[in-house]
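Below is one structure, written out as structure tokens, with a few remarks after it.
Chains here go by letter, A, B, C and D, matching the order in which they are written, and residues are numbered from 1 within each.
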């Protein structure tokens, strides 16, 4: 479904992403791992259009999406969450999610119907499934960090993505929150059939859910394959898993 | 700015409207004129807030669109033999057109850069109006514009402004609470995230500017009805700053706050001006105190006091 | 009049020189504004008022010392210092509580200061035009290629680079400058390493305002000092800063050069439309370099 | 609880503001409303208008007023802004119920108020705006001009320049109505008087231009015989300053309408350029008549300074009002206007008459040259030539043509 081929990106001469390779099939849960500064977030930003690659191809459903603006990529079916909480802080939780549902329904430029009555059912469904119902009326800026991370995901789901990209979905979460996020990701994948691409530092989580793992270092793809292959790869062990595994 | 529709608010709004209908009957002529002026200025401020408060865009030169609306009506009446009413219909369209052109150039930038580029472009428009004697009357402006008899008296102008302002407010309220309005607020809060959920940020900002321009144009045409004059100061940058002050004074995260801000400024200017030459100093001090102690604006303050909802936390975080 | 009908090489040269002396004033004022914008992130509209106050103080001090060489130089030094003191009071009294506010709020706050200062100037100095007489050494003109060039403008052209160098030295070679530049990029980091950011900010604000006062003092002898000077300069200064890149001193210099030269050459090339040239230039620059010509600190 | 009181308190305050009805009506006074600019550079001219007006009315009131009524006046600051001034004029008419309006130095505002006064049927005596449209193209029954206008200034300037040998001219000025109107007027009349003059070119600067050096070098490069400078108000001082600094006045002679006025020359002290040709309505040192001396003394005693040209306008306005009401015999607007049309009064500069057709006071013009004179701290006008009012007035035919009537 998604194919990242020879993608490069540099900032002021620094190669943040250098020959990244990635292949995601429909229905898979793919993890990207690597040390800090390996270029994971940059890679995601390149896929979802926040950055334009210097060279290389990003094919999504047989179409090269490299260099497209983020909103167009989003409309093609790729949604994402961000590593650092990135929500609409002055809006309520409900409105946060509704905005993306409205966008999915192509009603962003609808000037005269009442937003009150638009996209209520879909929004409620998403909020409920992520367990945010109780906080739906809170102003999102006042939520706890963990709730905001969940809200991140809820916003991303509002676009009914085929491919959901999560940038460190559990960063800064408590162990319980991490656990419920893990469950959530599983159910998204199984029940809704959403393809998930994520990056994460929590190795336990990665190996418990991913069908496939891609390892990055210095902006380069070291290896890409099923978890056991990756786990047994010496280069990876040395470079990254090292002492931990 | 999100407000649940409530019967209470609707009832209150209608009651105020009905009360206002009787103003010319019971108040002296000058107060009637002042009310009309407040409507027009308030409409202008609310229209600016459509981009400033709703969309978080630094629209630093909103007065240009106001002036263009006013000049459109004035030129329609003085230079053509068509029905003056057509001028009132044309004004918002011409303003929208200018909004579109200036917007197309400006939306590529953000925040201060956006604002300053807009000031440059707006000043160009101003310079053209200021110099083009044969068409716009140059710096003298055009005076003694004869609007249709129906709306030329103080009372007539009052009712016309009241009706038009009320209608525009209803439309703008619907826009604020439409899916577009919600999306625009999302863009204000977080443009990057908005792009990521599939919103074309530049396009929505441009649309917002055009909408704001339309209502600024309407408000400019009301000014012609009330004052019977147009002059280049209507599109000078200091006026633009004044409109921004109105928005902040009243509360830029509320819908009617800018209206209240406009009323306060107009009243201050008129009544303090009677007693002292130094009213700008008083305005300056009032503004300073306001920014120091009431940063959410007057209406924002009341809204916060009476409808909690976590608004406070937001302010502290900002 | 016809386009470019009376351009001669010497006139062009002359006009360039005149443009350069104008650039000096614009640069001094704009660099102060840019410094404050870059480090403190305050779009300081009151900068124009301080410029005006600088000019008025220049007038009063010069008058007090009875003019002449001594009075002139004392005034040139004293008036920016006085302006700096005023700005220190404003910063400690008001601004230091406001740094976390949104730019728009800060902009309006400085605008309200402009309103108060405007009326204060009217109260103190009244409404008559004021003029500063130059000491006789600077009166008169040189003749360059057959055109007169005022001596004082030559002095301005010399002062321009001196101020630019002093600013460069201040921001790059002194401790306070280095801290200020670091604070411009990440104020929390600087605060975290135990530096009193608030004091640094106050210092930068005062230096920026000192420059406004200096600009006012230097411009005073070339024109009439009057109410409304503040409005005239502030938009120009902002456009220059935006054109050059927010917070960049060299950007302010470049912007001032472009502004001053288009203005004065425009007058020679196409007098009727000289009015719109600077605006057009700003629009063109921002269309091609949306973030200004040089790197912004924002 | 206490906080909840805010809303009603604010509401009452706003309402009480609004309901402050018509100011108390004292039937025993004649009320004059002055809208003028008391903030910004223009106020250096307008303060004199107000002060001299007060001087004159105090004198009239001390003698028992007019028809047994005292003259009372209120002022409003328009800040040189049309919208504020227009609003203030409405307030004076509708809320203060003034009998007469006076002002203002802003031509655009004057035209706007003139139109308002025609609708409201209130006499409007213009005391500083110089646009010739006020009593020309846009004149109406209710507007009177108590000062000279651009057409008159231009005609006077042309009359003076025609006597000089210059052929090749350059025109420069403030890029707004006033500048262009003066320049056009001078040039058109000069062309009629001296068909051989030639215009090399023109340059215009924005109003409030601070530094004129670049313009001066541009003018020099065209090498004209003489230059007509059409700048007014705040531009005069810095222009003279720049011309002294560049020696412009020594290399090219130039004419500038208000160059010889005290508001222009006094700030420059002894550094002003000599030999500049200028026209004005009034000097406190000219004409050297007992009436003028008495006026200057009164003014100086009252305010501690010499009167500038605005003082003349304020002073005669008060006297015109008094005499017109006396002639009308009652406080009646229409009768007041009828009385004022064609009326003459004595003034510090001799007899002045309101021309009945266009309501323009026929001012004589004094053309002089700047010079250092012993005993003055600043330059004054010398070699003053008086151009009588009837010679500088625009012809009635011209006005009819401008108004589009036969």
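Everything that follows uses one rule, which is that contacts are C-beta pairs under 8 Å (C-beta built on N, C-alpha and C of every residue); 3 or more make two chains touch, one makes a residue touch a chain.
Here the structure is a predicted model, which is why all the values come from computation and not from measurement.
Enquirer: Could you tell me the least number of steps, going only between chains that touch, from subunit A to subunit D?
Expert: The fewest steps needed to get from subunit A to subunit D is 2.
Enquirer: Kindly work out which chain lies most centrally, taking the average of its C-alpha atoms as its position.
Expert: Minimum centroid-to-centroid distance belongs to B.
Enquirer: Please tell me whether C-D or B-C has the greater number of C-beta pairs in contact.
Expert: C-D
Enquirer: What's the chain with its C-alpha centre farthest out from subunit D?
Expert: It is A.
Enquirer: Measure off the straight-line distance from the CA centroid of subunit A to the CA centroid of subunit C, and report it in whole Å.
Expert: Averaging C-alpha atoms per chain gives centres 48 Å apart.
Enquirer: Hey, how far is the Cα centre of subunit C from the one of subunit D, in Å?
Expert: 34
Enquirer: How far is the middle of subunit B from the middle of subunit C, if each middle is the mean of its Cα atoms, in Å?
Expert: Taking the average C-alpha coordinate of subunit B and of subunit C, the gap between them is 33 Å.
Enquirer: Using CA atom averages as chain centres, what separation in Å is found between subunit A and subunit B?
Expert: 41
Enquirer: Using the touch definition from the top, which residues of subunit D touch two or more other chains?
Expert: 38-39, 175
Enquirer: Which residues belonging to subunit B are in contact with no fewer than two other chains?
Expert: 131, 280
Enquirer: Pull out all the chain pairs that touch, please.
Expert: Every pair of chains meeting the touch criterion: A-B, B-C, B-D, C-D.
Enquirer: Please output the residues of subunit D touching subunit C within their complex, sorted ascending.
Expert: 38-41, 43-44, 47, 175, 201-206, 208, 210-211, 213-218, 220-222, 234, 237-238, 241-242, 245-248, 251, 263, 266-269, 271
Enquirer: Write out the stretch or stretches of subunit D touching subunit B in their complex.
Expert: Within the complex, subunit D touches subunit B at residues 3-4, 6-7, 10, 14, 17-22, 38-39, 76-77, 79, 81-84, 86-88, 90-91, 94-95, 107-108, 111-112, 114-116, 118-119, 131, 133, 138, 175-177, 180, 207.
Enquirer: Help me check something: in the complex, which residues belonging to subunit C touch subunit B?
Expert: Residues 43, 94, 97-98, 100-105, 108-109, 111-116, 118-120, 122-123, 231, 235, 238-239, 242, 246, 275-276, 279-280, 282-283, 286-287, 290-292 of subunit C touch subunit B in their complex.
Enquirer: Can you check the complex and tell me which residues of subunit B touch subunit C?
Expert: 52, 58, 105, 108-109, 111-113, 116-117, 119-121, 123-124, 127, 131, 237-238, 241, 244-245, 248, 278, 280-281, 283-285, 287-288, 291-292, 295, 318
Enquirer: Which subunit A residues qualify as touching subunit B in the complex?
Expert: Residues 48-50, 69-71, 74-75, 79-80, 82, 86-92, 95-96, 98-100, 102-104, 107-116, 118-119, 137-139, 141-142, 155-156, 158-159 of subunit A touch subunit B in their complex.
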